[in-house]
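Look for subunit A in each of the two complexes below; its partner is subunit B in the first and subunit C in the second.
Here is the complex of A and B:
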């Protein structure tokens, strides 16, 4: 306890709690409120409606929701396979090449997303790989952007793994693939789930690379929210934003439940 | 015989390290190859030359963009450090009912897309937002009195909101390692809170502050969504300039030149971040 007097503590809270609510509570509150407002010409909305929500599950907005979910699942799944593979392969290497390659797998997280999008646009608009205008290029952009985070999470998990289980399995004569499938991966499962949920959340919110590369038929939620708010449909934008936030949080909470269960087991 | 003994282990280790090749190839094709093509395209279409570079680096638009990027990144990082330190201090050492909930809320903010906060700001600080409407009602004004949102201050405020959690997380991790008894002894010996913060907490928090700060600097330099959503005409940062050159003007050479500068800047900041984390020890600073 840093402040001992009761009045001092109350004074500190009287500043900190409203400040905290103003910074983090209010923005979330107004987006949710705006998502159900029919009319907002006064200080607070004068009419509430659920019409924006029924619009959200129709036509373009619904396509964007589907697009985001599919992109998130596919890109995170691919990043998980690639990141786990890389992390497992690097574990057995000598320190120096290992540190260099480790840095290499982290670098995509340091490059601005718009530049990654531009690079893909330039690279895949010319032979030998013509992908511009396909949904594949959106998936690739998301994969590249989240791969470093997946790799980082799995590596962190591997370093916390009890090493003796694997050694016991090895000394009992388990072959490498069997050991990987029956010992290492199950032990790693909570970290794999955590890695997947983080990359899914990142993919759901990705905007910079997506606006650079998305083809007309494959819009994601952030792009849709931007085009709605850009043309002044801010209530609809707020509704889609609420859905985006809620979907992300639901997946995060759901997966963290599963991963805690796996951890206990 | 001796030769066989030396050569013996080699076939076992060589295939082992070959396992890293597939993910490496994937990243090379999907990440390095595009980056290399950006660098190539920035040197013009035919024979490589620095003509496009010279032209772009001297243009007012680029200088303006670089200036805004740097000013916004530094101001937002400074804001995150101050706000993050204060909030983490209160949560860790003057815990209020619901402080745990607050720190979970912060973890949530990290997972949400950055531009959401900008959208929220439109409803709060926008010209028809809650604050302006309230002030116009109370003071009987005709025009909205608060107009900072569509300027670089709006961008800075939004970035401070979004990136403060990245400072708070390592700080809270560090604060949980500080011996509470040390603080209690100091305060029972008569040290005032300000002195305890200055002499005990701040030195312990320095690695986390430096690590969190350099991460913020990297993230704010690369920030795109917030600047795009605010959409102020005179607030153009490097990522936004790349977007508008490539997508709106189809001027890929200029976009690539700016991208090269932006990538170099980011990689420099990332190197700084890695050095800082390695120097202070990533584990004790509690960063990823």
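Here is the complex of A and C:
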């Protein structure tokens, strides 16, 4: 693009492809390779093994995978419902109060996640709001961190919705809830799926706040990876990282296929 | 078409036109605007708008872009809240009623079909929203699709249809819940000329099939208005400038704006009006005296405009006929079925059209044209919009 001569294009590719491979490919490649290494003292591993993977699907590590998936799905689901609700409710609002509320929603995404974690830890450490050491506080931390993105995505989607469709639906006798269910939400579906995908991916990778609040017995994958590498179990950490990446990717691919279907209609 | 007697006169004062046509009492619902004003912030886009669409009648609202036509239509639909005045559908005051309780059909320029539903589900939408029984839906949907010639397309998605087909579906969808009132906002504007003409015929036929349906038809296209409407309202800057039967409004426009907007009439400035026999009057235009109908009963001695449609001129080479105007040809254009000739007369540029001429005049040639005084009306000079 923007380079028209053939030799120019070849030269561009010759620079871009190795650069791309170096920046994106190398770290991923190293992680994947490490996840199947038995021993790695030279430039390449000297022994390959799947032992880390069989370990990964046992006990602690598998629980961490489960923990991450459950946290991701529940927190993203809750954020989707609340973010959509908020976006729909604020749509009809006057610009100025709306701008203020928009800002309020975006604060959590601007504050460092460690601070959010610390804040929650302090806020929920006293009865009657005693949530420390519960799974709930992990879910709340994730919810707070990702709901801003959900809200932003849904708001962007709403602003592109053809307003005529909704008004025609109303003129045909559709009451607000019926119209929401049969017209607004279906038209919004691609944006809802995108919002869910983004928040799910964010939640799967979340470390900063989770590390502050996670209770005993409810560990997420990033926390597990962090503690494994802290202990020097680099290969096991790499295995978990590979699994984390693969699991997230699988869910996102699935969602994007549903989204494509919704778009085509 | 309505007879000339229902014509409303545009008063010379700045009082808004109050439109109401003779009641063609039928079993249907009228649409009534009573002194409706609409404001956006400090901008008033509809000024004391009063108009009645009688049951079973088609009223077209025409006017340039931004004149408030869509605002008026949306006020009936309930998407625009009047700042004052009342809106009636039938005998119900619907001013404060939610759109979904108004029992109207609405068709918009860009079709607005629900893209995620098949055609038959689009048409069924209003019935389902009203909680109609499944067997009613199964019967009514094909009926409505057949009415607009789309019976074979029920299982398609909107994106698989052409613009004209989508608009037919949109009409079927609006009619399926059997509304008493149909609101059409520039329904043909997004279609190309040829499809627009055939859709126009079909809309006319549709209204013959549904004689009780009351229609408010918003358009900026005078052909659509003249073809479909019983009465026409002409809007400008949020005000009703003129209202009347389609034919009488065309033949006897009450003011300059109506004459120019509806049919691009020539308006020759004349003076010293003298009443003649019947409703004739004589006026002075340049050095000649012209006769025309004084339909609006303009007072003796007043200044006025002679409203001559381009096709009302008869072409002669020399001024032998009465009611002749002499002029110099500025341009001659042949368009296959007509000749368009522009000439200068009395400091005015005048347009005429005629059937194709074997030997059209040359540019710069002196010609004369005349007109039948019964075809031509005197229009008051509008002080406000000169």
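In this text, the second predicted complex is superposed on the first by the 249 of 265 C-alpha atoms of A that agree within 3 Å, B and C clash if a C-alpha of one lies under 4 Å from a C-alpha of the other, contacts with A are read in each partner's own complex, and residues count from 1 in each chain.
Note that a contact is a pair of C-beta atoms (placed from the backbone, for glycine too) under 8 Å apart; a residue touches a chain by one contact, two chains touch by 3 or more.
Since the model is a prediction, treat every value here as computed from it, not as a measurement.
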Putting subunit B and subunit C onto subunit A via the overlay, clash or fit?
fit
Using the touch definition from the top, say if A:162 reaches subunit B (first), subunit C (second), both or neither.
second
Per the contact definition in the header, classify A:16: touching subunit B only (first), subunit C only (second), both, or neither.
first
Tell me which partner A:182 touches in the superposition: subunit B (first), subunit C (second), both or neither.
second
Using the superposition on chain A described above, determine whether A:230 touches subunit B (first), subunit C (second), both, or neither.
first
Thinking of the overlay built on chain A, is A:140 touched by subunit B (first), by subunit C (second), by both, or by neither?
first
Partner with the higher number of touched subunit A residues, subunit C or subunit B
B
What angle, in steps of 10 degrees, lies at subunit A between subunit B and subunit C when each chain is taken as its C-alpha centre?
90
Touch test for A:258: subunit B only (first), subunit C only (second), both, or neither?
neither
Given the touch rule stated above, what does A:172 touch, subunit B (first), subunit C (second), both, or neither?
second
Closest CA approach of subunit B to subunit C after superposing, in angstrom, is 8
What residues of subunit A sit close enough to touch subunit B in their complex?
1-4, 8-9, 12-13, 16-17, 19-20, 23-28, 30-31, 33-34, 40-44, 82-83, 85-86, 88-90, 92-93, 97, 101, 103-105, 107-108, 110-116, 118-124, 129, 140, 143-144, 147, 152, 156, 198, 201-202, 204-208, 211-212, 222, 225-226, 229-230, 234, 237-238, 241, 244-245, 248-249, 252
Under the stated contact criterion, what part of subunit C meets subunit A in this complex?
77-79, 98-106, 108, 110, 112-116, 125-126, 128-130, 157, 170, 173-174, 177, 183
Listed in rising order, the residues of subunit A that touch subunit C in the complex are 162, 164-165, 167-175, 178-179, 182-183, 186-187, 189, 262, 265
Taking the complex as given, what residues does subunit B use to touch subunit A?
16-17, 19-20, 22-24, 26-27, 29-31, 33-35, 37-38, 41, 83, 86-87, 89-90, 93-94, 96, 102, 105-106, 108-109, 111-117, 119-124, 128, 130, 133-134, 137, 161, 164, 180, 183-184, 187, 193, 196-197, 218, 221-222, 224-225, 228-229, 231, 238-240, 242-243, 246-247, 252, 255-256, 259, 262-263, 266-267, 269-270, 274, 288
